[in-house]
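As structure tokens, the structure follows; a few thoughts come after it.
Order of writing sets the chain letters: A, B, C and D. Residues in each chain are counted from 1.
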Amino acid sequence: MERRKVGILGATGTVGQRFIQLLDQHPWFEITWVAASDRSAGKRYADAAKWKLDTPMPARIADLVLQPNTPAANTGDVPKIIFAALDSDIAKELEPQFADAGCAVISNSSAFRMTPDVPLVVPEVNADHLPLLTKQAAYTSKSGGYIVTNPNCSAIGLVLALKPLEERFGIESLFVSTMQAVSGAGYPGVPSLDILGNVVPFIKNEEEKLQEEVGKLLGSFNGNGIDMLPAKVSAHCNRVAVIDGHTECVSIKFKKPVTREEILAAWAEFQPLAQHHLPTAPAHPVIFTDAPDRPQPRFDVGAGNGMSTTVGRLRECPLLDWKFVLLSHNTLRGAAGAAVLNAEVLAKMDLLPGKHLHTKTGAGLAENELVNA
Amino acid sequence: MERRKVGILGATGTVGQRFIQLLDQHPWFEITWVAASDRSAGKRYADAAKWKLDTPMPARIADLVLQPNTPAANTGDVPKIIFAALDSDIAKELEPQFADAGCAVISNSSAFRMTPDVPLVVPEVNADHLPLLTKQAAYTSKSGGYIVTNPNCSAIGLVLALKPLEERFGIESLFVSTMQAVSGAGYPGVPSLDILGNVVPFIKNEEEKLQEEVGKLLGSFNGNGIDMLPAKVSAHCNRVAVIDGHTECVSIKFKKPVTREEILAAWAEFQPLAQHHLPTAPAHPVIFTDAPDRPQPRFDVGAGNGMSTTVGRLRECPLLDWKFVLLSHNTLRGAAGAAVLNAEVLAKMDLLPGKHLHTKTGAGLAENELVNA
Amino acid sequence: MERRKVGILGATGTVGQRFIQLLDQHPWFEITWVAASDRSAGKRYADAAKWKLDTPMPARIADLVLQPNTPAANTGDVPKIIFAALDSDIAKELEPQFADAGCAVISNSSAFRMTPDVPLVVPEVNADHLPLLTKQAAYTSKSGGYIVTNPNCSAIGLVLALKPLEERFGIESLFVSTMQAVSGAGYPGVPSLDILGNVVPFIKNEEEKLQEEVGKLLGSFNGNGIDMLPAKVSAHCNRVAVIDGHTECVSIKFKKPVTREEILAAWAEFQPLAQHHLPTAPAHPVIFTDAPDRPQPRFDVGAGNGMSTTVGRLRECPLLDWKFVLLSHNTLRGAAGAAVLNAEVLAKMDLLPGKHLHTKTGAGLAENELVNA
Amino acid sequence: MERRKVGILGATGTVGQRFIQLLDQHPWFEITWVAASDRSAGKRYADAAKWKLDTPMPARIADLVLQPNTPAANTGDVPKIIFAALDSDIAKELEPQFADAGCAVISNSSAFRMTPDVPLVVPEVNADHLPLLTKQAAYTSKSGGYIVTNPNCSAIGLVLALKPLEERFGIESLFVSTMQAVSGAGYPGVPSLDILGNVVPFIKNEEEKLQEEVGKLLGSFNGNGIDMLPAKVSAHCNRVAVIDGHTECVSIKFKKPVTREEILAAWAEFQPLAQHHLPTAPAHPVIFTDAPDRPQPRFDVGAGNGMSTTVGRLRECPLLDWKFVLLSHNTLRGAAGAAVLNAEVLAKMDLLPGKHLHTKTGAGLAENELVNA
């Protein structure tokens, strides 16, 4: 089977590197194009990137020449599938250019997450929001391009744990207090003088993003847009001296009485993508541990190849109904892995640009099993 | 002025060392007796203790010989004022022996904190609970001894920030998520393999202690016992890779609408001990910082010589009313400093054992200004 | 092919856990017996061990019942191959008992490393020392048991880097300054209060071990014992806040002038075990990196599945001849992996106890290709 | 007594902040001028600086307006004494401008340390090199300005420990392996992704600086220039996860046999500045600890208010003669404190610009007691 050509915008950064790590051996996709800022364009990837992963830089990628990061400046073959790992303000400018040029932009940036016609998707949670992309001007125009986004790294692990509970019990309100890893801030990111032996109880715009993205992710697609989940969400976001893995303390109030067993069953039975055999989807999106002091980043961050959320310490909350702790890998599940999984679902739904894409209509998508899931 | 003789139970441990650091130059107290477990009794202090503070071990203390940790095993002069830094199960056995022997046991242990006739006190918060000690059997007996306790390290900073709010607005419910320093677990305490680059979302019994101690500390003394504050409290307790300083994220619901200015005023004007000139009391028990990313352990833990709570990030809570972050030094304000301050207040209230103590009655105490404060 | 039964002494500790991790899927060996101290014997492994690795505890091992740690106390089937991960003083007592009982004791302890008739071996470096085991009383007696040891974790990575240089150029003297990971001290090991934001420039007996073990490892087997390499070695050993991976700064004086290219060639061509296809042997025992700031624990500790030494920063030394930095995984290559590799070599040399072992003589061993290597 | 006006170049950086911390209450100097890059000039200090010290920013400094960092761009009163905390390439351009304008530039930069007519000084070590400044063109011209430098942070602690040994025994050769704190790299400096749970065995140009600066510092002033100490020095420099405090492992060869007692005596009796009562000079520049595992950054970095070097673990070296460990505070003694102490010595030697400076001659300086010390 031939692999589809994909490109990576912002390929030298922390998330860009994770894209390369995840896509280098991907069965469906093949990296043929990497782009970076003007300063790096024209250099070999290996000469421009400070590789910060604990697996080696793939040799084939090392030799790729970094391309300019606009469609206009590219004279050669820009793939129709673009994974974007750009800072938000740059994304705001560049991503629409690629969408207008007919590309599927699978973005990790926050720039368009809350834009009404842009799907904000975690496949296990709300793959049925993806047809929203057909409302985008780029898509309905001749180009057929679009932007699809995944949430903030602190929101992804959370909504995975919440979705099976929302489905069965309804969520009324929610507290979440996070302890987030430094890799979430990119490279160079958090100075060591700020975090060694320290906690920073503030991450710019993070609480706002977390609070609003949960509402959209757990909301419903009404055919034209997303109806937000009306649950109240209050977030406290903190940075701690951890490399990878966001830990989150959650207290939750449901719409009806719920037992411990019902919650455990909801998590255990949550396998919405199981029948689709997606390469990056974990067998168990939510894994419960009954060890009294887990999950912990050092031991649990790699669960499900870094794509599962681990939950633990389920106990009654004196204020709301239940409380628990969750852990999610912030640069795998929380960033690059989330985008790759979005692309895999788009492929299954036949929504990726290619020979037959433009003949698809929004209506046709509704018949797709994933959309109906 | 002559200094009163004091002794330290558990003198070699982390909190015992802080007692020594704080009391070595104390204007009112003089350490004349240090005790440790059977294994160490008989040794020079310097030979038995692994000193883990960043100020040198006082030379005079280094040469003291460690005494046995029961009154019965001591043949010499046991001071009437005992600061106790024992593990809870040992405290349960030993502290009553010293109280029965006529000692004021100023304890940092959790063993008797929730015992109905034992005061659990942070002087700025509830010095008026101290006369409860006169209900203890040891006190009313010939001996005149008693036990007074200070709260868990995670509760002290919290109630300091809460007390001025409770006084003015009434607290209905409370969510608190902590990130606690490793020194709170003593020495050797937390293994480095468990906490380097990690978060441990569990501290044994800590959430329970925090939840119940807040109720007693903010409760009221009815002449016979303490009426607990009926506020709902939900705690999530976590251990992080910080040496000293517990950071806590708090969301709070008041009994009536409160403005930001009213909260800031309540904190700024909270100086209940100001007129008493206690050596260890900070000028400002609660210090507000308007830096967007503070308080942080690395920069703020030493505020007020480690005796002040720093609060920051006051903002509205989408779920309750307001949220903020606080930081408190866990082995100074949160342990040894708390006990020393309790002793200073007891001295001011003329409740420390000595020539005139036994002539005092509980009734007489009611006239004391501190009690009425 | 049937796998040989093996047992693990000290199975619950840090190194014991690594043995389990490495041996659980081993093609030649099968764990059938795990033992621990009296306190744990009789318990399920999962109930007694605090698992501290980032891969899950193998389910089959979790259910094994811990056996007593002496042959005498074992009534059932004790395997003839015992991997031992005991503290030194306990090893001194227990390992000879198993050797006397006819077991091959593959030990990670320091207890017998410098004993004249005990091989101290890193297979790539001095597999030809292994026949020394035939001089042991246990072996020459009817039992056929013996003790074979691997070096201290700080010595293993070093001698791997040194061996190809010693072979080609001769080493006259050596300076090594280490920065060692906390996992080297076991669990609970180094208290976090001692190492967070800190360096401890002392590890008990470590410098002595490192200095003397290098001499034995790089020495030569004269048929009766080991002639030590007469090079002068000076070690400074330090503990740093790293989980896994010992970093070592080395300056070295050779017996003759050597160029940079010759050193790089010696390292690159060092593959003494290549033709034996041992499961745990890395393809490249010594890997050179030309990045200016590598090796680093966070990025290079897993090289060769944690069995390779990474060297870098090769440059001239103003005092001796050359200097460089090396990094080695201290609980894989530096402990459990070293012992497993020793066992694999012993198997290849037909020196492991079993149906035909006792017919072998020391003389016969000399014909083995590994011995001649 | 009136305090002399001083200015700070690079006032917002890590070292600049230390200058402010040390000089704010200085009895001899008063900060009247702070300068920063064009980007910050014109702003209030408090608005431009990210204050990273654990004592509060002095209120008086917070309100100072940052001035341009060239004499030409300053219209107002530039003090004649300038403490400079600039990056090396900027220092190379700006410091001579201030010297030409008649300022004493007390520099912490590496730009001119090895320049033949620029004194590189640690007062306890080589205050007698200071008259070298009279050879500078700026000084001999009408302006009377000059540049005086202090060494690299890793060299200062080292030469303090070496000087008393060099004086008495003569040093032939030297190994030093450092473990350096992140504050040495300034702010933002070392990214947390590079150092959390890691060691970086490389600091750009650091080994070269350390090796050559030791030769100049321990060299002798021949009336026209500095004769370098001909000892061989080999340095390995590493970055570790420590906030403040460089730890260094040293092996040393002397010109004659030396006993442990002689070394300890040399350190204990080393008090070359004692009679001068300089505000920033520690009573004991070198403090020996006989604890087996000290010095350690966490416990010893504050010795002598951060101005003393702590040495420990003195033991014989199998390769050279003796080895030991030293610790020095890298931003106090190793940077700002070193410069302030240089200024104090210059004041004592009457070499600071002022009403009578220009009447002094280089010859006259030779009579100064410090020069003769």
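In the analysis below, contacts are C-beta pairs under 8 Å (C-beta built on N, C-alpha and C of every residue); 3 or more make two chains touch, one makes a residue touch a chain.
Keep in mind that what you see is a predicted model, and the values were worked out from it rather than measured.
Enquirer: For the interfaces A-C and B-C, which has the higher count of C-beta pairs in contact?
Expert: B-C is joined by more C-beta pairs in contact.
Enquirer: In terms of CA centroid distance, which chain is the most far removed from subunit C?
Expert: Measuring from the centre of subunit C, the most distant chain centre belongs to B.
Enquirer: Measure off the straight-line distance from the CA centroid of subunit A to the CA centroid of subunit C, and report it in whole Å.
Expert: That pair's centroid distance is 42 Å.
Enquirer: Can you compute the centre-to-centre distance for subunit B and subunit C, using the mean CA position of each chain? Integer Å is fine.
Expert: About 49 Å, centre to centre.
Enquirer: Find every residue in subunit B that makes contact with two or more other chains and list them.
Expert: As it turns out, subunit B has residues touching two or more other chains at 52, 194, 196-197, 241-243, 298.
Enquirer: Line, ring, star, complete or other: which describes how these chains touch one another?
Expert: Here the contact pattern is complete, since every chain touches every other one.
Enquirer: Going by the contact rule at the top, pick out the subunit C residues touching subunit B in the complex.
Expert: 14, 52, 182-183, 187-197, 241-243
Enquirer: Going by the contact rule set out above, which residues of subunit B touch subunit A in the complex?
Expert: 173-175, 177, 179, 194, 196-202, 211, 232-234, 236, 238, 240-243, 247, 249, 251, 292-298, 312-313, 317-320, 323, 325
Enquirer: Would you tell me which residues of subunit C are touching subunit A in their complex?
Expert: Checking each residue of subunit C against subunit A gives 52-54, 196-197, 243, 298-299, 301-302.
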